[in-house]
Amino acid sequence: MEFDYSPKVQAMQARLLAFFDQHIYPNEQRLHAEIEANRRAGNPWLATKLIEELKPLARQAGLWNLFLPKSSRAPEGLSNLEYAPLCEIMGRVWWAAEVFNCSAPDTGNMETLERYGTEAQKDQWLEPLLRGEIRSAFLMTEPAVASSDATNIECSIVRDGDEYVINGVKWWSSGAGDPRCAIYIVMGKTNPEAGRHEQQSMILVPANAPGVKVLRPLTVFGYDDAPHGHMEIELKNVRVPVGNLLLGEGRGFEIAQGRLGPGRIHHCMRSIGAAERALELMCQRAVSRVAFGKTLAQQTVTQERIAEARCMIDQARLLTLKAAYMMDTVGNKVAKAEIAMIKIVAPNMALQVIDWAMQVYGGAGVSGDTPLAMMWAHQRTLRFADGPDEVHRNSLAKLELSRHMKLPTDRVKMPVTRGA
Amino acid sequence: MEFDYSPKVQAMQARLLAFFDQHIYPNEQRLHAEIEANRRAGNPWLATKLIEELKPLARQAGLWNLFLPKSSRAPEGLSNLEYAPLCEIMGRVWWAAEVFNCSAPDTGNMETLERYGTEAQKDQWLEPLLRGEIRSAFLMTEPAVASSDATNIECSIVRDGDEYVINGVKWWSSGAGDPRCAIYIVMGKTNPEAGRHEQQSMILVPANAPGVKVLRPLTVFGYDDAPHGHMEIELKNVRVPVGNLLLGEGRGFEIAQGRLGPGRIHHCMRSIGAAERALELMCQRAVSRVAFGKTLAQQTVTQERIAEARCMIDQARLLTLKAAYMMDTVGNKVAKAEIAMIKIVAPNMALQVIDWAMQVYGGAGVSGDTPLAMMWAHQRTLRFADGPDEVHRNSLAKLELSRHMKLPTDRVKMPVTRGA
Amino acid sequence: MEFDYSPKVQAMQARLLAFFDQHIYPNEQRLHAEIEANRRAGNPWLATKLIEELKPLARQAGLWNLFLPKSSRAPEGLSNLEYAPLCEIMGRVWWAAEVFNCSAPDTGNMETLERYGTEAQKDQWLEPLLRGEIRSAFLMTEPAVASSDATNIECSIVRDGDEYVINGVKWWSSGAGDPRCAIYIVMGKTNPEAGRHEQQSMILVPANAPGVKVLRPLTVFGYDDAPHGHMEIELKNVRVPVGNLLLGEGRGFEIAQGRLGPGRIHHCMRSIGAAERALELMCQRAVSRVAFGKTLAQQTVTQERIAEARCMIDQARLLTLKAAYMMDTVGNKVAKAEIAMIKIVAPNMALQVIDWAMQVYGGAGVSGDTPLAMMWAHQRTLRFADGPDEVHRNSLAKLELSRHMKLPTDRVKMPVTRGA
Amino acid sequence: MEFDYSPKVQAMQARLLAFFDQHIYPNEQRLHAEIEANRRAGNPWLATKLIEELKPLARQAGLWNLFLPKSSRAPEGLSNLEYAPLCEIMGRVWWAAEVFNCSAPDTGNMETLERYGTEAQKDQWLEPLLRGEIRSAFLMTEPAVASSDATNIECSIVRDGDEYVINGVKWWSSGAGDPRCAIYIVMGKTNPEAGRHEQQSMILVPANAPGVKVLRPLTVFGYDDAPHGHMEIELKNVRVPVGNLLLGEGRGFEIAQGRLGPGRIHHCMRSIGAAERALELMCQRAVSRVAFGKTLAQQTVTQERIAEARCMIDQARLLTLKAAYMMDTVGNKVAKAEIAMIKIVAPNMALQVIDWAMQVYGGAGVSGDTPLAMMWAHQRTLRFADGPDEVHRNSLAKLELSRHMKLPTDRVKMPVTRGA
């Protein structure tokens, strides 16, 4: 047992932090300004110049595709344990991960393609994604049913000769607002009569396929997160070649399971980064703001919150790192309890820390003048994205109870919902 | 002791609920659509046609200016205890109160004018406000200082002959985005050398006075709340006649104290209405949504939250009604502990209930498809508007402790910040 | 709606508080000393001299049997709403209620006899109970089954000629440690084949009946609560005349329902009294204890807790009073939601307030030097006595949900467990 | 970074768990029975035969003095990181640690002697302690002052020729009830005029020195924890040779600082063991208890708590292990933030988990029929033993804030109170 980051990781952390100091923090206001200028000009759904400018710099700095696990196409890939503290840093600014081509849902989609795609699929879609030229979306959740239970999914994928015909309505398709978003991974049912976990399949659908219609952007609290966006999308008699199917009919649930572990841990590391940033902002405000003759930092009520925040963040980080370590050493399947735990713990922790920080800022905290309100809104969605807390808690409890009931733990499934 | 609403109140509740069924709920989507259409057309800062249409209907239904305490200009005015349950109903839909000319900050401003204005001031500003022809704003909070401590305020009001010259920057001036907003009540310092609570004065500033500049709208979790708006406003050498001063130099703190009690209780009653609505929406979803073979309502974890929500709402309502009763019977000053209590309790309660409801809705809960996200954002601001929780808790604790220290309770001040 | 106590109640509160100042508070240490002396002498299961001394004084002061509802045998009885604030005061000291013949489970047993007993049963058992000459116990909960679900009860009551033969093991029979405890009300099954709620009956069993064996006292944390005690009792072929049955075979559940409402509200009022006492003790300590150069009262972290405690107590009191009011005006059955609410709210609230108070006292708080630790232990049992929180929350949620499912609310049963 | 226990530790865990299965769990009831028999016979303050029987077995099994850090007298000593998981196991049963000579306060006292004692002091007191022949106590906290602030301490240590004369009253002197308790380490002031942290000294006082009087045992929620006990002790003109002083006059605070780190982490590891045991008991009950037609384990409300318990325990364990690792690698002083964190986190976590377990057991949970109530009571004291949560939170917050104020972190002191 050992709690220090490896020298390799420490060096990468230093490089990434330096990049933040030089290129990310100084541009926070500029990015918002660029999006708002686009919005005022009539269309916020444009890739921002700023991020496109920064991407080559990140690449030059060796900070590109850090999320990639070691593989034939990524010999320099990192382990989950190595990536985790880097991903955390990226979580400090909501738009930063894309600069390093490490943003959701592209990372999850790239991993899915890498792991389950054919060589043809990889050439066509994985390569431009790895180069950051296109974006992607994951179409899983549906407005009509409780998608926390993946067996509820209604989107149909029906074979018709050399094609599959897809019909359904999806929503919370994050990233589909971006004009560069070229490819969707769609979850649907190829066989509603099969076993509970063999009905689903995943299929690649080009965003410009006839029958695809982006109905509207959804808002998260009042944010539309343009140009990324969370879209509601109709698929009406969309036809794709049979070669677009991933892995095989009836294997959608299996792919979802494989995809979700890393996706979840990435979200969680970013949650920890967001919480660290919030605590930093909270302390900065507390030492500088004076009310009733004292700084807020001198009030024990502020001190209690800062201390609790530090305890919560450090515990969540350790749990996330342990989960990453287990994913690397014993595999996602054995690590499922740890993955469920971090998925429950990290967003709730971040929400509490950010809320305390907002309270110290008063009105500024809920406005656009600090990153806190947007952070909070984003973290709030993580309490049901990739499966609501309640579903993860039930899975985790069943694992715990199974030890006392002499049940095999592999009968407890990880929840499968919107991909990360 | 008696816990039933009076027959008069019950009749008004019935009338108001009927109005909601007929005119408010069916128009919820239409109002959002109208604002969004204005926004797309280039300017959301327009009074909505819908509300202007509904106002005469409310007036005809005898549901107009219900907030008004009995007075010479309002012989039919209601007591706080009578108004509270009506105000609660209005809180079920965020924009409803304006339909009945009962929306903040106009109600607080009207009460301030009624109580502290000269006849000339009332004729000029109170009358059109009571008729719903103009809107108003309250300019208190400043971006540069911790405004939870009113003695921090920096805006200056300097006499120059027959005029006062006003300089300062204010923010969170709610309602100042509305083009009908014609009059501001501004808090500033006429004498920074006077005693801690005698430095401040309040003065009437027409929105169109030279030197007034609305700098920008602030957002609350992504919402700009157009056309109402929360504005940052610069006052640069703004000149108004000396007759615009309210009550007298150095009496700003006193006016603020008088104004805050009713304002706070109105906010709290609306918080309770919002929480009731959220619980209603939560139950409706829980009985209809199926996951893993059961409705969410059948899960004991959902049941626990529904039960806790009911306990929290009912307790908060009773506390608010008691505070209203005491304001009516022994006055705002004696009721200050109760007013502080509801100010702490109601928004926190509502936030918890709304959060549970959002979780049952998943993605829909944070989007614009339910009123929950906007409700939550609004309630979150109430944890520091009119004084942050922390300041109210300190006041309340000092009242409690003073009994054990043989201190006179009237030395504990109510916090004075942004008006309601 | 009106929030003042009636003049009659205010007068009784004053009298009761005066009695506390004169006879209860000054004797707190003496009572503990007497019990400990008995314990050291070999037997703590003796009625205390102190309480027997005080009982005539309480009677003289007109503070006797205050719990009694108006009835033929109690023409001067009080309503629930009138009794509630008096019961609260009694809750300030754990042994005080008995001084006024208002202690559980005797009050619940007396009400049961009054409401459901025959004249002969009343003459034999109710009269000496009302005079405070004997004590009683309620034998409901069983160690072998989850007694939160009354249908689990296994104790059998079998008719044999002119007698019933009773067999079972009961525990948490509070008060059965007292040598004056002469009569038990026993819940058992007369017909295990009947409908779910028609199997149970209640029967009177003299404590000295052959076959009754007190197996042992149970402890609550480390307290045995001698001489009152919480006993485990074996009933082995105990025979009583058929006339000892209450109301009729199969009506045990019905009696339990009738008994539980008032019992619960009494517990809750005492919880509020305990919380008030704890807050008082907390403030007294906070203003007098100095650490790091300040009194604890000057720390905002202490102030937050005092303020939250005040908010919680006042809300819980209002809810309890409203429940009492509804029991008086519309009956226990219609008031079942309110009764469930207070049962959930009051002990949890008291536990939190007492815990904060203990923390301010440090070591003294958990020791016998303050009443806090014993208070806490007692309140902790109330989270499952008379039905665990979880069962009450489920009932309450079902009532709430039934409105949205068009279900009749009278299908939701109140939980029936150990009597109050 | 690596999260597996070393093979050495895993082997010791296995050995210790086997010892528990063979000798500890099967004797849980026997120990209570022995103490109760002693109590009934008139004196519970006797060393139990059971523990004396088991000690040689533990020694034979190589499970003796495991807490010892590597040193000249303990060449086989363990690091904090190695000891932590073993200490956790010991925490599963409240009396188990003594079997392995690893119980507080003896471990802290032995470490103090080892680190700060002279050879003569070690020969006289450390050796018999290491052999488990005598017991010891740490006399720090005083009833008259807030001992969370060590500068409040009033006990005086005055030099008079070749002796020191000690006067004071101490309480919460744990272990001083044991007849084998032979030596006290006493904290007092040798120079009340010196600097804030140079006034205190520590001195060795034999329990049988003239002038030492054990006034009474204190209770913890009704438990007297006999024969260990938490005693109030008067020191009246107690004279000891000058050679009994530890380290030197004015160095008491320094010793306390050195002693507290390991003591705290031991407590915390035991807290984690207690929580694990409680969760295990909770699950066992939940799968076997049926109410309303389902096991408690099937209720999602039970599942939520089990899941939360697992998340909380695992996080607290990781934090404790990291603190242990840092103490080993960078020293207690640099690890002070981590030590403060675990001190806050572990007992609060354990209290929550135990409370949930108690609720699943109902009445059995608060009685002596499960270990839960006693566990809870013990954990509750840890929220102020060795410094109350509030003091640790303030220290931790100041460390956090100091980064934003450019203050040296070594100006933040660890709280010094009752030793572990």
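To keep things simple, chains are lettered A, B, C and D as they appear, and every chain counts its residues starting from 1.
As a convention for this text, a residue touches a chain if its C-beta (ideal position, glycine included) is under 8 Å from a C-beta of that chain, and two chains touch if they have at least 3 such contacts.
What you see is a predicted model; the values in this text were computed from it and never measured.
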| item | value |
| --- | --- |
| Those chains which touch chain C and also touch chain B | A, D |
| Farthest chain (mean CA position) relative to chain C | A |
| Distance between chain centroids, defined by C-alpha means - chain A, chain D (Å) | 43 |
| Inter-centroid spacing, chain C versus chain A (mean Cα positions, whole Å) | 52 |
| Where chain C and chain D are represented by their mean Cα positions, the distance between them in whole Å | 37 |
| Contacts with 2+ other chains: residues of chain D | 299-304, 390 |
| List of chain D residues in touch with chain B within their complex | 299-304 |
| Residue numbers on chain D that touch chain C, as the complex places them | 141, 143, 146-149, 152, 171-172, 218-224, 230, 289-292, 296, 299, 301, 358-359, 362-364, 366-369, 373-374, 376-377, 380-381, 383-385, 388-391 |
| Chain B - residues contacting chain C, complex | 1-6, 9, 81, 279-280, 283-284, 286-287, 297, 300, 302-304, 306-308, 310-311, 314-316, 318-319, 321-322, 325-326, 337-338, 340-341, 344-345, 390, 392-394, 396-398, 400-401, 403-405 |
